[in-house]
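The letters A, B and C name the chains in turn, as written, and every chain counts its residues from 1.
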Amino acid sequence: MVFWQILVDGFAISSLYALGATGFALIFGVSGVLNLSHGALMVAAVVAAWAAGNNLHVGPYAGAAIGIAVGFAATLVTYFLIVKPLQQTRKIREEEKEIFILTATLLWGIMIQELIAYIYTNNAKTVAPIVNGVISIFGVRTPQNEIFTAVVCWLAIGVLWLLVNRTRAGKAVLAASMNPRGVTLLGVELSHVYIAVWAIYGVLVGIAGVLLGMFLGVSSYSVGPLTASAFSIVVLGGLGSVSGALIAAYIVGYLETITAYLISPAYRTIPALLLLVAVMYVSPRGLLGRR
Amino acid sequence: MNISVSTTASTTESAHLEAHLQVTGLTKRFGGLVAVKDMALSVQAGKILGLIGPNGSGKSTVMKLIMGIERPNAGSVRINGVEVAGWPSHKIARMGAGIVFQHSRPLHRQTVLENIKLALLPDKLTRLFADPHIDDHARAIAARVGLTPVLDRRPGTLPFADLRKIEIAKAIARDPKVLLIDEPFAGLTATETEAFSELICELRDDGRAILLVDHNVKSVSRLVDRVLAMYVGERIAEGSAEEVMRDETVRRVYLGGSMETAARPESSFSDRSTPFLEVDNVSVFYGKAQALEKVSIHVHAGEFVSIVGLNGAGKTTLFNAISGFLPYAGDIRRQGGSLRGRTAATIARNGIVQCPEGRELFVDMTVRENLDLGGQHLPPAESAAQIAWLFELFPILNARQKQAAGTLSGGEQQMLTIARALMMKPKLLILDEPTLGLAPVILEQISKALEKLRQTTDITVLLGEQNVTFALPHADRVYVLEHARIVWEGEPAKFAAGGGTAYL
Amino acid sequence: MGSLSTTRILLIGLGVVIALSFLPLKVSGYILGLMTIAYYFGVFAMAWDLLFGFAGEVNFGPTFLIGTGAYTAGILDNLYQPPIFVCVAAGALAAVLGGVVLALPALRVRGPYFGLTTLVAVLMLQNFIVVDASLTGGEIGLTVPDVITISDATNYWIALWFMAISGAILFALSRSPVGLILQASGQDAVQAGALGFNVTKHKLAAFIFSAFFSGLAGAMLVFYLGSASVGTLVDITIGVQIIISAVLGGRRTILGGVLGAVFLIAMSEALRPLGDLSNFVVFAMALVVVLLFPSGFFGLLTRSREPS
């Protein structure tokens, strides 16, 4: 009985993690940036959806759309205001730019977190789910919302896969992640590729955020743990490997769910963290890492 | 507080420095690539051995292996009879080895004096106070190399030659029994080269064993006692400088033998007054080093021009300037219109396509996918037709369509690089050292493909090569690029007589 | 900075510290309290700057070392009530051990992996503290039965002189021959090795120095505040503020860290009327500094033409 519960719950949570981590991995793979404001962008999307429902009294579909739009916009602001200027500045030595981008995105994330806490308080917020009701899977009473979450996550990942592997533009993006110089030599403007990638990331973050809001809810305190779990997953899977991130997301998701059910919800993040530590000691490149 | 007494390398103590470097069976693999194969050399105290070879021959790797910066897969390195192969570099350094790197690497936030003092410090954690002797000693070394006027300045403010002097000063400070010097004269003027040569001779006379790496035999022939020539990781000749320069294999590798050329006279090209590509007085600086100095070349539409030059001469810099990857002084024009300000991707889309030295393939993608990416600006039907044509030109690519590019052999990768560039239907194809590291048999195939290209299309080609056997047969005109300058221009047939002397 | 000799700078610093010692005569206990915290944070920033300048990599988890030192001291006091200096010493020692444990994986990796390793360390510590609440006080925090003193002035002087001495040692270290070797190890490990220096040994030493001062200051801070919690000593936001202090003051200047810390605390105080928005503004200002003035105060002062 518990086994099926774990299976179902774990799958939903893992799918959510997978979506978020995919975006994070994509940005690192193509743009070389570890965006430490990742969690903040997700929370911003959720809070926007919640505010739309709460203050503007729109329906769940409209609320979700607004949430995704806000997440998208915030992500692009992150790129144009913070990441791009730092990548192009002459005031910092090349070797130190990565550090500055890490610090700046971290700061930016904290700023967003504080702003949200200020305007909307740091209480937990949930978003009205699009799908309601409960069905029974393997004898487990499951909210249909959970299934919806998993389905949407996989749809999004599927669309992304199609985009990257089947369209010309998508293949250019994939190629850019392997060899930016090679892509330039073939007449593709890297600056366009970067904008495209951040835009895709923005949509993924928006969707992941809104789904999380419908499923579990967030508060401004969620910002840190969300970023932490995304980069833990991406490091575990191997920096630069999107498929690695997908696998790692499920490992982490299930580890957390199993721990929560069998040991205690308070300890849920520990095993994944221990696994991460072990992997970093033994093989810092992660499971499938390239860089 | 200890007072360490450093043994200065004064002539009275040269009996102390019985230096001896002996290398046997040294081998290094990087993945599938064998960079150094079964290398053997020995240098006695008070002697200089010149290690020469073209780019990719493995000479820098040999130095790194001796110094412990890379670990050998097999072989022995003995310094003064002590086996040091596989030791970490700091232990080898303390054993009496020193290295002067090809590219200056001072500490940018420290003064010249502090940079030299660093080299004099012992490897201890407990030194909180500076030893007064060290200061005097550092100043003495600075005086020896001529750095006294700039002791309190930071490297960022100094000219190129001074940076090289800092490197030598650091090496002297270590008082090594065995000294490895990597390309000491690159970027120096004639007078500066003189001064450095004298310094190196002095160091030799101190009784040290010196291994000197360079790609040009002539520039080191006065200095060295013996020369060892390398090619593709192996030794091909050893002897006095004259013996090596006369050696058959060496001459073939550097100069090519007698050969057929198929040059068309310059007057036969239609765009006489405004050549397709004009490089006009272009200069490029990498930090302090001048990589190109007022270089001017031109290429007519449909012409095949080869730029011959050894490693470090500036070919890649020139090509990168043309392709828009580097800032430069001067002007580069395509059909009369300046390319300044265009992005690299724009220049490529408009028909100037480069096959770089590093190939830059998408290694995890298949051959077919790499080609498709090359053709992404074309409508699908045209792209498919182009691929079909390329499969005729390079049949092996057809056979390996579905293989990941990273799993191809070196020669196949090179063919893929050229094919991918051709997918863009370039007006001007730039090839940067396509033959690097490839076996002669593969060179044949690529050579044939280039021949076919030249005969069946009106493509313009700019080829940069140090392999003369490859560069001359297809060329209509040849330039020789040496140490950032164009030193010769003319027909391929006249090369061996005219440009060749500058070359070897 | 390079034009003045080390002794000169230390003498100037001594003068400033002596002048600051008179502050309790002029200002209220509240301001003294702020300055006290600022001085401890100054030590955190200086220790971070040392590691940054020497390891050549950014440590995202200075709070791992600080937290280890602080909580060890605090827990020890709660359990056995030994004299305060014993607890503090134990805290410093624990931090050093923590630094060694952290250095082992961290030194084997480069670039983003190093930063991530340090971040993971902080997360682990945070989790451990929260989960093992019976020992550590969990999310609420730990209170210790002893404090150094309740006099504002005395606390202020202790913090001031502790910072002064730590700063002097750290600064002298950065300018010493050992410091030169450490800088070379951080800037160009290959060259340092070719010059005969065991880079790993020196980087490990840099970790230990940084850990010692971080842990020591953290432990002392516990006995000033009378408490320790994740929110005041371990959280990532604290770590970020430390990094910002060091960057604001000027990377690799060591002493700049104190300036940065004082500035940050002063700013937070000045913005207090904004209520909860004050945090946002402080971080926003820090972001502006990072984007527009990466060389920090000392960078602006010395007006270096090339990137520092």
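The criterion applied here is as follows: a contact is a pair of C-beta atoms (placed from the backbone, for glycine too) under 8 Å apart; a residue touches a chain by one contact, two chains touch by 3 or more.
Keep in mind that what you see is a predicted model, and the values were worked out from it rather than measured.
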Task: Label of the chain whose CA centroid is most distant from the centroid of subunit A - done: B
Task: Selected interface, B-C versus A-B, where C-beta contact pairs are more numerous - done: B-C
TODO: Express in whole angstrom the distance between the two chain centres, defined as the mean CA positions of subunit A and subunit C.
DONE: 32
Task: subunit B-subunit C separation of Cα centroids, rounded to whole Å - done: 45
TODO: Find every residue in subunit C that makes contact with two or more other chains and list them.
DONE: 308
Open item on the list: Using the touch definition from the top, list the residues of subunit A that touch subunit C in their complex.
Closed with: 34, 82, 85-86, 89-93, 98-100, 102-104, 106-108, 110-111, 114-115, 117-118, 224, 228, 231-232, 235, 239, 266-267, 269-270, 273, 276-277, 280-281, 284
Task: subunit C residues touching subunit A - in the complex, by the definition given at the top - done: 57-58, 60, 105, 108-109, 111-113, 115-117, 119-120, 123-124, 127, 130-131, 235-237, 240, 243-244, 247, 275-277, 279-280, 283-284, 286-287, 290-291, 294-295, 307-308
TODO: Flag every residue of subunit B that touches subunit A in the complex, lowest number first.
DONE: 323, 325, 343-346, 348-349, 353-354, 356, 358, 360-365, 369, 372-374, 376-377, 420-421, 424
TODO: Spell out the residues on subunit B that touch subunit C in their complex, using ranges where they run on.
DONE: 67-69, 88-90, 93-94, 98-99, 101, 105, 107-111, 114, 117-119, 121, 123-131, 134, 154, 156, 170, 174
Task: Complex contacts: residues of subunit C adjacent to subunit B - done: 2, 172-173, 176-178, 180-181, 183-184, 187-188, 190-199, 201-202, 205, 252, 306, 308
